[in-house]
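There are two complexes below, and they share chain A, which is joined by chain B in the first and by chain C in the second.
Up next, the complex of A and B:
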C-alpha cells in the first residue's frame, strides 16, 4: 500500500501538504475574486458612464485582459512588479533585487483578469434592471446614493450571481497558473510531489481530483445562492433552475 | 520608448507565431472532431454513452488545463506499456502532448456548446423533416447539423478565442511558442513591459482576426434571415 502511504498524513505522506495547498488555492482565488470585484465594478461603471473617454478606457481594459493569455499577464505582473519594487528600493537607497511576494503578484494578476470578466457580468446585470424601477425611485424622490443602495445594488447582485459563478470557476482554474511564480498552491504542490516521488501520474490525478472537488462543490454553492436570491421571484423568471 | 528594442523583440516574437498557429489549428481541428463524438454520445439517449459523455465533460471542464497537460506530458511516460508501444515516438514530443491535451480539453467545452445548439433546433423542423420521410443521418446532415451549428457559432467563436489563449500553456511543457519566447526574452532583458506589449499585440491581432472570420462565417450562414435589400424587392 505504498500509494496510500504517499497520499497519507504520515512521515512520507503528502496528504497534509496537499490539504494546505488546496486551502492556499482557495485563499488566492478568493483574494483574486475580491480584487476583480473592485476592478470590475470600477470598469463597469466607466463603461456605463456615457463619457466617451471612460467608455473607451473600459473597452481597452476588457479587450486587452480578455484577449491576452493569462500566463502572459502573470509574467507581466510578477516580473514587471518585481522590477518596479526593485526600482523603488534603489530610490530609497536599498541595493539589490527585491521580489514581489508570489501570493500578492499572483492574486493581483488573476484578479486583473477576473476583473475584466466581472466588469461584463456587472454591466449586463445593471442593464437587466427594468428602466421603470429606476424612474420610479427617482419619482418618489430618492437621490442617487439612496437609489444605488436600495434599488440598483440588490438587483445587480441578484442578476450577477450566475455570471459570478462562471467567473469564480474561471478564476479557480486560472489560479493554477500562479504556480509559475512558485506559490505553493495546489498545482505547484502536485508538481513538487510528482517530481520528488517520481509518481507523476498519481499526483497529477490527485491534484486534478482535488480541483474537481473544489469546482463541483462551489458550483453547488452558487446554485443554492441563486435559488435563495431568487426566492421572491416567480418560478418562471428563474429559467431552468 | 526604445523603438530599436521594440522592433527586435517583435521580430523575435513573430518568429514564434507559426508554432502558436500550428498548436491552435491542430487542437481546434482534433478538439472539434472529438467534440462531435462526445456530443453524439451525450444526446444519443443511451444511458451508458450519455453517462460517459457527462463524465468526460465534467472532468475536462472542471479541472485546470495545466494539470491535464502535465498529466499527459509527464504522467504517460511513467507507464512501460506506453513507453514501449509504437505510440511513444509521438508521445515523447512536447508538441504532440500539448496538442493532445488542448484538444481533449476543448472537446469538453465544445461538446456542451454544440449540445446547446442542438437543443435550439425547433422540434417542428425535425417533425417536418420526418413527415417528408427524412430520418437518420440524412435528417442530421440536412436539418439538425446546419441549424445547430448556426446557433452554436457565437459561443463557439468565444471558445476558440479561449483556445488561442490556452496555447500559451504549451510553453510550460517546453514548446517554444509566443508566450514561451516572451518569457525567455523577459528573463534575458528584464524589460517586461516592452516584451509584454509586443506579445499582447500579437495575440490581440490573432484573436481579432479569428473573431472577424467567425463573424463573416455567421453572416454568410444566415443569408436567409436577413431582409432582402430594398432594391431587390420588386413591386
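Up next, the complex of A and C:
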C-alpha cells in the first residue's frame, strides 16, 4: 500500500485515527498539567508554610514522585486502582473485572508526577519575589488575601513560566506512558498502526514527528508568554529566552 | 490643623530574642511636624519606624494614629495586635517609604500608584488615575507613568514610591533612609520632593543621614542612641550649643556633609 494512502484519511488510512490520537495526547497532557498545578500549588504552599509536619509531607511528596519511575506510578494507579475497584465490586456482589477509566487514571498518574515538578517551580518562583515588595504591600494596608491576589500570584506566575514550559514538555512525554492503559493516545495509536500494517518505521517516525510538532508549537506559546511577562524585567533580562 | 496630634508613640519597647533594641521610646508628631530621626547604625531607628506601622510588633507600649489607639493584647506573654483589620486600616493611614523603594516590579509606575487607592481603599479607578497622574506630575516623573520600575533610575523609583504612599492620603509619612540607596547625584531630586512635601504641611517622620535635611527642613530632631532617645529639640538648638555630648560626637562624623 502506498505511504500516502496509509497516512491519508481514506478507508485504509490512519490519518483520522492519528489526528484523534494527537488531540487525545494534548487533552490528557493538559488535564494532567492542571491536576499537577493544583497538587503543585498545595505542595509548594505546604513546603513554604514553615510548619514542620507540612514541610515534611511536602518533601516526601516531591522526593517520592520525582524519584520513582513514572511507569511504576501509572501501573500503581491504573492496575492498583482497578483491582481495588474490582475488590469493592466483588464485595458488593459484582463478579468480574472493573477497570478504572484509562483517561482519568492516566491523567491522574501523570498529574501527580507533574505536580511534584510544578511544586518546585512554584516554590522557587515564590522565593524569587523580593521580600521588600511583600512588605510594601502590607505597609499600604493590604490584607493577606489581597496581597496574595495582587502581588504574590502575578509574580509567582511570571517567575514560573520558564519552569512550567519545561514541566509541560516533560508531562507531554510522560503522557506516552499512558499508552499502557490502552488509551488511544498518540503513542498507543502509532503502535497499533505500526503493528497492524507492519510499517514500523513509517508509523514510529510519523508519531515522533507529531510529538515534535506538539512540543515545538507549545514551546513557541511558552516563549511568547515569557516575553510578555518579561516586559517588566530589567533590560538585561529581556533578551533571554 | 496645627495642634492636632497625628502620631503619638508612648514607651515603645522591642526585643529580638533577649536583645532589647528599643528601650522605651516616646514621640509625638503634631500636624505638619517634620521630625528627623538620627542615630548611629544599629541604634534602632528602622525598628522604631517599623513598630509604628506594625511591620514589627512592639513588645510593649502604646501607639495612637490620629487619635486612634492600636489595640494590643498579651497572648502567651507575647504582645499582639488585637485586630488584624485595625492594623490594615492603620497601615493605610501611614505612608511608608523604604530605603530600597520596594515598588511592585510587575506593575507600571501608574499601576503602582493607583494600587492602594483602588484595591485597599476601594475608590473609583478613574478618580484614582487622575489623582495619580497629578501626583506623578508633582514628583516630576509624569512621563514615566507607563514604564516599569526596573527601567527607572533609583531617584525616579524613590519619587514614584513617595507618590505611591501619598496616593493613600496618609495622616503621617514614614521615611526610612529614603536616599541611602541612591547614587550621590540622585539624592537631591528626592530631597527636593521631600522638602516640597514638608512645605505643603505633611506630617513626616524621617530616618536620615542627610544632616542638611535635618537642619534645614525638619522642625524637630530626635537623636536615638542604644535604643533610647538621647536628646531631641529644634534643629537650631540641637546643632547649636544645646547639643548633647553624644550627639555632638555623632554629627562630628558628618562634618564635611553640611
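FYI, the second predicted complex is superposed on the first by the 230 of 241 C-alpha atoms of A that agree within 3 Å, B and C clash if a C-alpha of one lies under 4 Å from a C-alpha of the other, contacts with A are read in each partner's own complex, and residues count from 1 in each chain.
Basically, a residue touches a chain if its C-beta (ideal position, glycine included) is under 8 Å from a C-beta of that chain, and two chains touch if they have at least 3 such contacts.
None of the values given here were measured: they were computed from a predicted structure.
**Student:** If you count the residues of chain A that each partner touches, which comes out higher, chain B or chain C?
**Tutor:** Larger number of chain A residues touched: B.
**Student:** Please indicate which partner A:166 is in contact with in the superposed arrangement: first for chain B, second for chain C, both, or neither.
**Tutor:** neither
**Student:** Once the structures are superposed on A, label A:59 by its partner contacts, choosing first (chain B), second (chain C), both or neither.
**Tutor:** In the superposition, A:59 contacts neither chain B nor chain C.
**Student:** Considering only the touch criterion stated at the top, classify A:49 as touching first (chain B), second (chain C), both, or neither.
**Tutor:** A:49 contacts neither chain B nor chain C.
**Student:** A:133 in the overlay: touching chain B, chain C, both, or neither? Say first, second, both or neither.
**Tutor:** second
**Student:** Where does A:142 make contact in the superposed view: on chain B (first), on chain C (second), on both, or on neither?
**Tutor:** Only chain C is touched by A:142; chain B is not.
**Student:** Touching A:90, do we find chain B (first), chain C (second), both, or neither?
**Tutor:** The answer is neither, since A:90 touches no partner chain.
**Student:** Does any part of chain A touch chain B in one structure and chain C in the other, and if so which residues?
**Tutor:** Touching chain B and chain C on chain A: no residues.
**Student:** Quick check on the complex: what are the chain B residues that touch chain A?
**Tutor:** My answer: residues 58-59, 62-68, 70-71, 74-79, 161, 165-169, 171-172, 179, 182-183, 186-187, 190, 192-193, 196, 199-200, 203-204, 207-208.
**Student:** Inside the complex, what are the residues of chain A that reach chain B?
**Tutor:** Residues of chain A touching chain B: 63-64, 67-72, 75-76, 79-80, 83, 172-177, 179-180, 187, 190-191, 194, 198-201, 204-205, 207-208, 211-212, 215-216.
**Student:** Show which residues of chain C lie in contact with chain A when the two form their complex.
**Tutor:** 53, 55, 84-85, 88-94, 96, 98, 100-108, 115-116, 119-120, 148-151, 161, 164-165, 168
**Student:** Across the complex, what residues on chain A touch chain C?
**Tutor:** Residues in contact with chain C: 130, 132-133, 135-143, 146, 150-151, 154-155, 158, 231-235.
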